[in-house]
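Look for subunit A in each of the two complexes below; its partner is subunit B in the first and subunit C in the second.
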Partner chain A sequence: MKRWYVQGFAVIIAVMLVVTGCGNAAETTNETQTNGGTASAPAGGDKTTLTIANATDIESFDTHNNNNTMSEAVLVNVFDYLLKNDAEQNKVPVLATSWEQVNDTTWRLKLRDDVKFHNGDPFTAADVKFSLERVAKDSTLKQNTYYKHIKEVNIIDDYTVDIVTETPDPIMLNRLSRMGAGILPSKYIEENGIEAFLKAPVGTGPYKFSKWTKDDRIELVKNADYFGGTPKWENVVFRSIPEASTRVSELLTGGVDIAAGVPSTDIARIDGVDGLSVEQAKIQRVLHIIMRMTEGSITADPKVREAIELAIDNQVIIDSIAGGAGIPTRTSVTPGNFGSDPSLYDTFVYDQERARALLKEAGYENGAKVSFSSAVQYKEVAEVVAAMLTDVGFEVNLEILEASSFSEKLNSKKFNELFLLGVGNSLFDASNNYNRFKKENAAGETDYNNPEVEELLQSALQNMDLADREKQYQKVQQQFTVDRPTIYLYQMKGIYGIGAGIGYTPRLDEMYYAEDITLK
Partner chain B sequence: MGKYIVKSLLQMVPVLFLISAIVFVLVHVTGDPVNLMLPETATEEDRAVLSKALGLDRPLYIQFGLFLYNAVQGDFGHSFHYGQSALPLVLERLPASFQLAGAGMLIATLLAIPLGIISALKRNTYLDLFISGLSALGKGMPNFWTGIMLILLFSVILGIFPVSGKGGPEHLVLPAITLGAGIAAQMTRLIRASMLEILNQEYIRTARSKGLLETIVIFKHALRNGLIPVVTIMGLQFTSLIGGTLVTETVFSWPGLGQLLVSAVNTHDMSIVQAAVFVIAIIVLAVNLLTDIVYRYLDPRIKYS
Partner chain C sequence: MSLLSKSQADGLSGKQPEETEGKWRHGMKSLLKSKTGTLGILIVLVVCIIAIGAPLFATHEPAKISPAQRLLPPMWLEGGAPDHLLGTDNLGRDIWSRIVYGSQVSLIVGIGAVLLSGAIGALLGLLAGFYGKWVNAIIMRVADAFIAIPAILFMLVVLAVLGPGLGTLIFVIGVTNWVSYARVVRGEVLSVKERDFVKAARALGARNGRIIFTHILPNVLSSFIIISTMSVATTIIMEASLSFLGLGIKPPAVSWGGMLSDGRQYLATSWWVATFPGLAITITVLGVIFFGDWLRDMLDPRMKSKE
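After this line comes the complex of A and B, so read on.
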């Protein structure tokens, strides 16, 4: 008899445990509620709420300490830059009203005098100094590498600043209009500390922070005092939905208005529904196959590298793996970036016969052994490339790695002959595309060393004659089609599912400016 | 009794120390977070600077000493990824994890007990075969597939439940079914086996021969004994579900501990991994201790020393 009670009691305890779990959850969910914003109604009702679904959550609300486009895509609604890119990559004023170059190392910017942070603090030159010097001086911040050459920011008056760099910087305006250049509230952070700021972030943007439930959603509310006029939406919600088919299901049921990263296999599912649409838009990411030119490796032979490029049919990869969402290219400096060479864009070279002949000439008629590494993210692309290389006589040792072990090997430069890498460019400038091919950085990875290219790259970094600088980068691109320390597969496109009644044109930089998203 | 609790609590200290040490070493030898934190264009020098700033250039034993010193004060360090203290980041996930695990267990229990009993009573009938088949199916269906199918049916086609995310109780239904189905399958088979064994016991025959109603025989005499292994399984399952429901969390975008822990492992966010494992370890130890105490309290024949 006694044992019954034991069991009975144990069951009750178990049930109580469950109930307490649920109860606690309702009471103690850690939600930081600030700025008077209330939680939003679900999308699809009165349509004052815009809901956007991404595959990942943001890293943090520290725009200086993120290193991922999806984070910044959210943060641009809360924080403002001094200037920003419009949809055509023209620089347009935001917090700055005008800018001029005083000398090679100094930019002078005039600031708006009618801007308030969400907590009511006025925006002044002190905030610009604080923000830019923070990202420039604190080497633990992930964006520091793009800003560390900023020597100081001088306050000329409350609404004028001078940005002084160590060396001439032809692309200062590009830096000021990208992630890492968001303007933070100096007084608020100095008084409360950065950790408090991260829990209750305050910016100048059109939307105010309301709530962040990590790995679930970020809720923003309209900033009625926005200097650019009353914002369009009452609430903007960013959902984090890692599973692609769940994102699509949310779109189909009206749970979200925009779903990013729609798999090409789901396009038909969305297109078949009245009112819903699919948009494909170019993004700033180009797939590279990077080749080791180290003495003694098989890819040190230019004929082998040429054979590799000729063996690959870029269009087939785009059509079969990416569902058509890509544009073949022979350069990573795609249109919209400073220094691009249009003659190398939307084209590729493919000639299997020539590839076979080149391998033979190089002395590898009995098979050329190469190893080829890829992160699991691009597994299918890598497999097709490997098959194409095998077709012309390569023996490919394909290595597919988890994201973190791939990064590990990438950064310790341990790849053998070939590896596949998707490279983004948030700077919209060719300099960013060639960092890894400068002699200093290439050592141990590609071991690429062409003194002529090196000189062009070094000179272009500080060349303030923009027309000449553009030519320098175009020369580099042409030379790369001969030297081939890397070849390119295609510029990727983002695939977005767009809900009924929503007007949205995806941007090249993948930012979601909620103010540019409309109700049709 | 008091002595026993104190002793058990003291025993937790070396266990937690050992777990921390193992996790610390594993996290530190499997990769360098600096590589994953910096942009693709970062130079060797950038990496060295960041590594030094984060204290990762110091010898491992010094880092471990510092970690222990801070950990005993409740400070597991800063998350590299979120730039915030690690422990609160972990603790704020617990409610969601408890909710999901609790609801999953509840559904599993509600399904498994009747199905298991019916299956045992009607053994070797078509009904039994059907239930056995059902539980084989439940065990065989991977969570991600069940989840996606449930979303398609109940959210997209029927429009009854929300697709994903955390919100009201209606948000909990589909993930809980997804999670519960697999556990229910396992429990059903367990209850069936255990009931079959008990139904053959002499005291059941005695009860029947006394002329007791069949319902009393089943529910009063057989079931309560038959639930012993179920309770054991429930306890084990519940603790393993805290932090162990990644697939379901991913499909339903449920912000539980599993997502946090796995993304922390992927980004080598050491302090989060350490804090999360520490918290999970404490929960497991606490639940075990609680079970022990309850058993002892209720059944004096059980002696602990």
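After this line comes the complex of A and C, so read on.
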């Protein structure tokens, strides 16, 4: 008897596996057809809730203590900046109405006088002073490094402030329009403490905080008193769905209106459905392979570093793994950022023969051993790069790490020869691209030390002659193609799946301004 | 001792030559009679042959990446390439060749870990059962403690510290799984050591070592073999799970669990990437279980399932 059970069970399992396996292709088309009907249904009706799915949750509601784009993309709906970037990276007024540079170290800003925080407190110069001085003085905040040169904020009157810096700052406006410069309610925080504020955050933005279920969703409701007019949506929900295929499925079933980070292989799945669309947009993220130049390591030899760059066919990686969503580059300062050098963009170098010859010249004809680390997020890219390096004679020890152990190793500068890192730039200025390579920060990581580059970088930080400053950064970029403390794979594109009836144009800075997302 | 002839000694240790031969004949007969047993041993044989002759069966280099050929469907589907029998994975590697090479890892880890845990478990079980008293108390309390630790958690911690790899994988799975062997062997030893031939051996002045290894061990061997075979199946699954979690075999080495994990995010668009390694695991484990089932029926009539 028992044997028959076993046999029967085996047959059932086998049949199940085959059916689920083969059935998937057919099922997908079925699924998409039925969903085409249901998903487009709410479009014409009274849809009032916007739902956006991201891969990760926000770090916290403290805009001064976040350091990832996905957090900022959500928080811009709750907190306002003094000014912000429009879709073309022009600075446009938000809480400030006008600004002027009084002298090299002082900016004067006029503020709006009709703004209220979500709890009813009026917005005044005191809030600007409180917010900017908080991020400038508290070195435990993750954004402090971008603002620590701010000496003080002087209140001229209730709606005028002077921002005074220790040193001349050519990019103050860039700093004021990004995540560390969110304006917080001074009175509310002074009365209740920062902990209470983080549990029930209050800002001036078009949407108010309603509920945060960590690692699941953030619910915002509209701020009817918003100074910019009544917001478009009643509710805005940000869901965190780590699994890419689940995000796409949710989009197909109408569970979310916008899905970020769509895998290139799923584009056809979305495009096949009536009403749904896929939008691609360049984002500020460039994939780096950062190399250790510490004396004694194999990548200290410039020939080896050059061989690494020549061994990699950037376009093949873009076309296959990224599904075309990328632009090859030899600089991380891509167009749209101050200081970019167009001659290094949309280009790459690839020459296997030369790479082999260089390795031989360097004395590694019997295999050059390098270790190469990557976070699991970029596993496929790392595997292809490792294969390309192996092809020209490297022996690659590939190490794929979970996100947490990767960032732990990154922060403690423990990587060996090579590691893969996607680096963004919310400052839209070249200075941000080279922080990592300044002598002070490079020590222990790349150990990159070129006095000429160091001087250019230090001087550009305070150079108020913008044309000259641009040249300085272009010089640095050219020098980087020779020194190669890092090489670049490509500028990434964001791929978004967009639900029926939703009008959304993805931005270079990856922000979701719900007010710019429309119902068609 | 020298007073006893060899056959007498064999007789005393509970083994009789003609019985052994009879067992073999009985075994072959029952094997052919049992359909699942036949199927099981066939599957196990095929998997072993594939693993040993992997270079002969593989059509491609298993780790060879060709990004231009990624996610090709199996050859019988539209868009499939004729030289990629089961299609290609997310990096353009040939799935059939990877499954072929992956069988080596599954078998090496499956058998290696079972041998290791079996050796530890059998030895400790023999000692605990034979000596009893404080030896028994210590060993069995350690065994209890081991059961109290969630095995997967223990393995994750050890693998995270030692780093993934074939050797560490065998070591970790082997070390966590010895308890069941120790318990079964100890139980058997407790009953066997009261039997007459053991008493006789002791009366004749045999030393403990001799009693344990020549008189008791052969008599507990059948239960030991049965649980070992069954454990091979669970070990293969355990290896696949750990590789799925990224803590098993390190690329470029191939493991079925790792293949499953790679294919997970393509389930909706390219089902073949995860399905075939999944099938390979299922079929292999079923084969081992069927084989173990039959082996149990043959070696241990007491545990035989009713037909």
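Keep in mind that, in the parts below, the second predicted complex is superposed on the first by the 475 of 520 C-alpha atoms of A that agree within 3 Å, B and C clash if a C-alpha of one lies under 4 Å from a C-alpha of the other, contacts with A are read in each partner's own complex, and residues count from 1 in each chain.
Here is the rule we go by: contacts are C-beta pairs under 8 Å (C-beta built on N, C-alpha and C of every residue); 3 or more make two chains touch, one makes a residue touch a chain.
All values reported here derive from a predicted model rather than from experimental measurement.
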{"item": "Which of subunit B and subunit C A:380 touches, first, second, both or neither", "value": "second"}
{"item": "First (subunit B), second (subunit C), both or neither touched by A:321", "value": "second"}
{"item": "Subunit A: partner with more touched residues, subunit B or subunit C", "value": "B"}
{"item": "Partner chain in contact with A:60 - subunit B first, subunit C second, else both or neither", "value": "first"}
{"item": "Which superposed partner A:245 touches (first subunit B, second subunit C, both, neither)", "value": "both"}
{"item": "Contacts of A:263 with subunit B and subunit C, given as first, second, both or neither", "value": "second"}
{"item": "Contacts of A:400 with subunit B and subunit C, given as first, second, both or neither", "value": "second"}
{"item": "Common interface residues of subunit A - those touching subunit B in one complex and subunit C in the other", "value": "2-3, 6-7, 10, 13-14, 17-18, 20-22, 24-25, 28, 243, 245, 249, 402"}
{"item": "Residues of subunit B defined as touching subunit A within the complex", "value": "31-32, 35-44, 46-47, 49-50, 53-54, 81-85, 88-89, 91-96, 98-99, 101-103, 105-106, 144, 148, 151-152, 155-156, 159, 162-166, 224-225, 227-228, 231, 234-235, 238, 249-256, 259-260, 263, 266-268, 287, 290-291, 294-295, 298-299, 301"}
{"item": "Contact footprint of subunit C on subunit A as seen in their complex", "value": "1-3, 6-7, 10, 13-14, 17-18, 20-22, 24-25, 28, 243-245, 248-249, 263, 265-266, 268-269, 316-317, 319-321, 376, 380, 383-384, 387, 398, 400, 402"}
{"item": "Touching residues (chain side subunit A, partner subunit B) in the complex", "value": "2-11, 13-15, 17-22, 24-26, 28-30, 59-60, 62, 65, 67, 139-140, 142-146, 194-195, 198-199, 213-217, 239-243, 245-246, 249-250, 252-253, 255, 402-405, 407-408, 410-412, 421, 423-424, 432, 435-436, 440-441"}
{"item": "Parts of subunit C lying in touch with subunit A, wherever the complex brings them together", "value": "34-36, 63-65, 67-68, 70-71, 77, 90-92, 246, 250-252, 265-272, 275-276, 278-279, 282-283, 286, 289-290, 293, 305-307"}
